[in-house]
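Letters A, B, C and D mark the chains as written, and numbering starts fresh at 1 in each.
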Amino acid sequence: MQLKELSTIEKINKIREDFPIFSQQINGKPLAYLDNAATTQKPIQVLDQINRYYKKFNANPHRGAYTLSIKATNFYNMARKNIKRFINAKHTEEIIFTRGATEALNLIAYSYGMNFINEGDEIVLSIAEHHSNLVPWQQIALAKKAKLIYLYTDENGQISKDEINKKITNKTKLVAIAQVSNVLGTVFPVEHIIKKAHKHNAVVVLDMAQSIPHIKADVQELDVDFAVFSGHKMLAPMGIGVLYGKKDLLIKMPPFLFGGDMIDIVKEQSTTFAPLPQKFEAGTQNVGGAIGLSAAIDYLENIGYDNIYKIEKELTSYALNKLSQNPNISIFGSKNGDDRTGVISFTVKDVHPHDVSTILDADGIAIRSGHHCAHPLMTHCKTNATCRASLYFYNTFEEIDRLAESLLTVRKWLGFDKR
Amino acid sequence: MDLNEIYTQVIAEHCSSTKNRREIENPDAYIEGINSSCGDELRIGVKLENGKIKDAAYTGVGCAISQASASIMTELVIGKTIDEAKHLAELFIGMIKREITDESKLEELDEAIALQNISNMPARVKCATLAWHTFEEAVDTALSKEQ
Amino acid sequence: MQLKELSTIEKINKIREDFPIFSQQINGKPLAYLDNAATTQKPIQVLDQINRYYKKFNANPHRGAYTLSIKATNFYNMARKNIKRFINAKHTEEIIFTRGATEALNLIAYSYGMNFINEGDEIVLSIAEHHSNLVPWQQIALAKKAKLIYLYTDENGQISKDEINKKITNKTKLVAIAQVSNVLGTVFPVEHIIKKAHKHNAVVVLDMAQSIPHIKADVQELDVDFAVFSGHKMLAPMGIGVLYGKKDLLIKMPPFLFGGDMIDIVKEQSTTFAPLPQKFEAGTQNVGGAIGLSAAIDYLENIGYDNIYKIEKELTSYALNKLSQNPNISIFGSKNGDDRTGVISFTVKDVHPHDVSTILDADGIAIRSGHHCAHPLMTHCKTNATCRASLYFYNTFEEIDRLAESLLTVRKWLGFDKR
Amino acid sequence: MDLNEIYTQVIAEHCSSTKNRREIENPDAYIEGINSSCGDELRIGVKLENGKIKDAAYTGVGCAISQASASIMTELVIGKTIDEAKHLAELFIGMIKREITDESKLEELDEAIALQNISNMPARVKCATLAWHTFEEAVDTALSKEQ
């Protein structure tokens, strides 16, 4: 595919051919899938790789001296190497496969948090964290008598440098922050946060779940200590995700899950553990999932992050502009296209977000409504729920038009603006 | 799915109705019901007298379905005996869960029948039943205080 | 398919048509896959269901008020209900999806073990436990100063009633046992163990990883407290498994992983948790995996456990008989086909198991060699490693013939029996 | 994969060879090497003298590849200077990992070249290198004791 030479619209149309789900009709209308922050759709290239594995190479990896098992092991290791290269980790064994971002964050909390956070230490989070990067730290704070400190967002959904400089101090032991908010789409200044945290010898846990599908990651350049993401939010199947950790940290952490393949020698009363990365990968691993994730990375890189960025930037500006023209719509966070991805939270005057998504659904438009697993941010924004449309590079300008049009009808259904 | 079956005239009217959207003076019980997945928060108050629902009212935020459901419910139960009111709540919840489908049995629910089509929308079922579950709890709490 | 009327050989041949992988050649020979205790192959019916989901219905479940998400949620719930019915649980919310048996066992250890096992309590395990049902309990014993007590196997690979009656006492708080050993294939007398444990108010954790692919499960009839299994060992994809727990136990246990979807209300400094089963299912769930597992159950039930039992019984007797005819082969555990499944561990005189599997692989025969994640059992059996051939209902008599023939050549390759 | 390339005459002979499968008297170091995935356990002993490997021997259980590798290795290193022996170990490990493929460089490995084809069998690589890694560790341990 020579995407470069095509116009944005042509690019998108070409890309959409790879996604079988877009040939669907929802309620008699073509599907406009605008809930990509929740999960993305899967291109045929990814599904094909998974099928190929199960039809030709399936075996338990690491556990056999026969051809099929060796092939499965090789595929699994190649997937790990591909991810290492993709996020530019220094060592392959810094890549730990998990079920998803949530499990990866819990692994860090249980293994690092329970052992290296002490009474009186401070854990700094943003108020916009997804529950998966918030509740585990609450539990650690509770168990270890540590203190949770929040970085608050301003009216643009951004965290100011002042806020960061004020809250990250010598007492800070760990900072847990999303690179991109799953509600506001804000790209947070994580480079500054990481530098500031390191100045105070705190480690930083970066939640890339909402950034890596859109923004090229480089963990060495960021110099981040831990990073996590989920495959299903970046074209891969459900049930696979990644924990990245700096080698020296992972080495000093105890294992999290115990069982097959993560051990060295097991005696009746004691066990020694395998080296990285096996130490953190107990039980039969999800080889099919790892292959799917690796294929998704290949697909993304084949499209190219430059193309993805350009397409999404255009779509996001277009959507923000369209929605702003509706006087009954309030957009949360940044209203222009800067420092943000295509995650757009908004409300419609007098109409509860839940009703908005039901009404849009009748037009085949899939958006999400609710608290988006970010209760504390909702409270901070003085709302109970928002509507959220979240874009990916396979969305179209036409879908945004349909969103805007459908939003014009919403109030009427509830008896406002006279039918 | 036809939106006309969900967002009916009845729903639109009750959703913005303010008749029972108010505080009760000297309530026998106030119970907070929460539907955490969509952020609905409903406080239902009841006042009992001589085995009857003397008054019922609600406050809180929520979607049209949960607000309309609360409005319809309060209008329906005020003045009914406690037993009748509890029976109606069971009937309503049974209707939404599709456990009771016999139209003749549902007649008692009166305007609340307008919510029947919600049973076709799994994601909205909790919105419709929140008021009724909370009401049941409020009545039980009030009764247990009496004793 | 009217399997009933066919001969065993015809049945097997019919079944094999469903498995694309068996059209493979390994080293120029047709694949004889005899490592089913490690992982099973996947029928096209299972792969098709997963593909259908990703091509038509994929969305994040529980999180949207739009058609696609409702469908994904329905599929996920239907899978849970199917599993409930399949193992005859009393309540649907007693079924918790996990990544596999290992994660399920760790969940029990972290949530039940860490909170309900106390200093001086005894945890009873069989010496044959897979590391996944052993190392977590070692960790709990270590953390809580509890004592690990082992039930030892006799020369037939069985645990005697004497051994059970002696070791399970009033001090016992938890018994963790596999229904079928992944090394010896022994079916342990778990009914007796559960009754005995309950007499002493101990809870029983049943590892069904090796039994449920072959033996119909009924958790209510067994009256077991917890049970776990992995999808990939019963025709389903990797990355999905199940924890069953009695409702009253699950209710009193704290959550294990924290994050999205398992919460009720999250405030800055505190959180309340969702009811069962969500309480134990943090983060985006593996809907594709759950659908695959549900499809695998349908497939197994379509074949019928009676057919599976009959086919496997014939294959196992045939294999035990064939292998016994080779004077250089020693079989571990039960030598007749009673009280055992088709997991057959053996050694070849003078030849290390690892060499055996390499030599068999050249003939296209896949068996496993090593400690099979059961170090303590290896030590108890006074060996370092065994060869293990493990059968499933899609294996053929011919494959067993090839295994037996190939085993006759093994010693020659290493200079014995003169070439 | 051709088994003839793996289970060669050399391997079969060395695998059952008892020449260096023995204990060393007064060793300078004994190190236990374990390949937990297949259950190989190898103890390698070394005795140094005047900067040379005076003696080297092994005991333990393991597959043909690991046993033959230990036998070939001990025969090769006895009598070599410590530096030469360490160089050979590096060369061997490089060969198995396919990092060194230049045949002329590998000539020094003599009989150990018989194990080259193991590099095509990822599952057996650890079996082939276990003796050499353990030997390297034993020499280092012996040297550190000397100081």
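Here is the rule we use: a residue touches a chain if its C-beta (ideal position, glycine included) is under 8 Å from a C-beta of that chain, and two chains touch if they have at least 3 such contacts.
Note that this is a predicted model, so its numbers are computed, not measured.
Enquirer: Touching subunit B and subunit C alike: which chains?
Expert: Output, common partners of subunit B and subunit C: A.
Enquirer: Taking each chain's centre as the mean of its C-alpha atoms, which one ends up farthest from the centre of subunit C?
Expert: Max centre-to-centre separation from subunit C belongs to B.
Enquirer: Measuring from the mean C-alpha position of subunit A to the mean C-alpha position of subunit D, what distance in angstrom results?
Expert: So the centre of subunit A lies 47 Å away from the centre of subunit D.
Enquirer: Approximately how many whole Å separate the CA-defined centres of subunit B and subunit D?
Expert: 80
Enquirer: Could you grab the centroid distance between subunit A and subunit C? Build each centroid from C-alpha atoms only and quote it in angstrom.
Expert: Measuring from centre to centre gives 32 Å for this pair.
Enquirer: Between subunit C and subunit D, what's the gap in Å when you average each chain's C-alpha atoms?
Expert: 38
Enquirer: Among the residues of subunit B, which ones contact at least 2 other chains?
Expert: Residues 1, 36-38, 121, 123-124.
Enquirer: Would you mind listing the residues of subunit A that make contact with two or more other chains?
Expert: 27, 63-67, 69, 263, 265, 354, 358, 361, 369-370
Enquirer: Show which residues of subunit A lie in contact with subunit B when the two form their complex.
Expert: Counting only subunit A, the residues touching subunit B are 27, 351-355, 358-359, 361-362, 369-371, 378, 384-385, 413-415.
Enquirer: Which subunit C residues qualify as touching subunit A in the complex?
Expert: Listed in rising order, the residues of subunit C that touch subunit A are 20-21, 24, 26-27, 31, 33, 35, 38-39, 41-42, 47, 51, 54-56, 58-60, 63-69, 99-103, 105-106, 109, 127, 130-136, 138-139, 141, 148, 150, 230, 232, 237-240, 257-261, 263, 265-271, 282-289, 354, 357-358, 360-361, 365-370, 373, 375-376, 379.
Enquirer: Give the list of subunit C residues in touch with subunit B in this complex.
Expert: Per the touch definition, subunit C meets subunit B at residues 62-67, 69-70, 73-74, 263-265, 274.
Enquirer: Hey, which residues of subunit D end up touching subunit C in the complex?
Expert: Residue positions touching the partner: 1-3, 6-7, 9, 11-13, 15-16, 36-41, 61-65, 67, 121, 123-124, 127.
Enquirer: Flag every residue of subunit B that touches subunit C in the complex, lowest number first.
Expert: 1, 34, 36-38, 121-124
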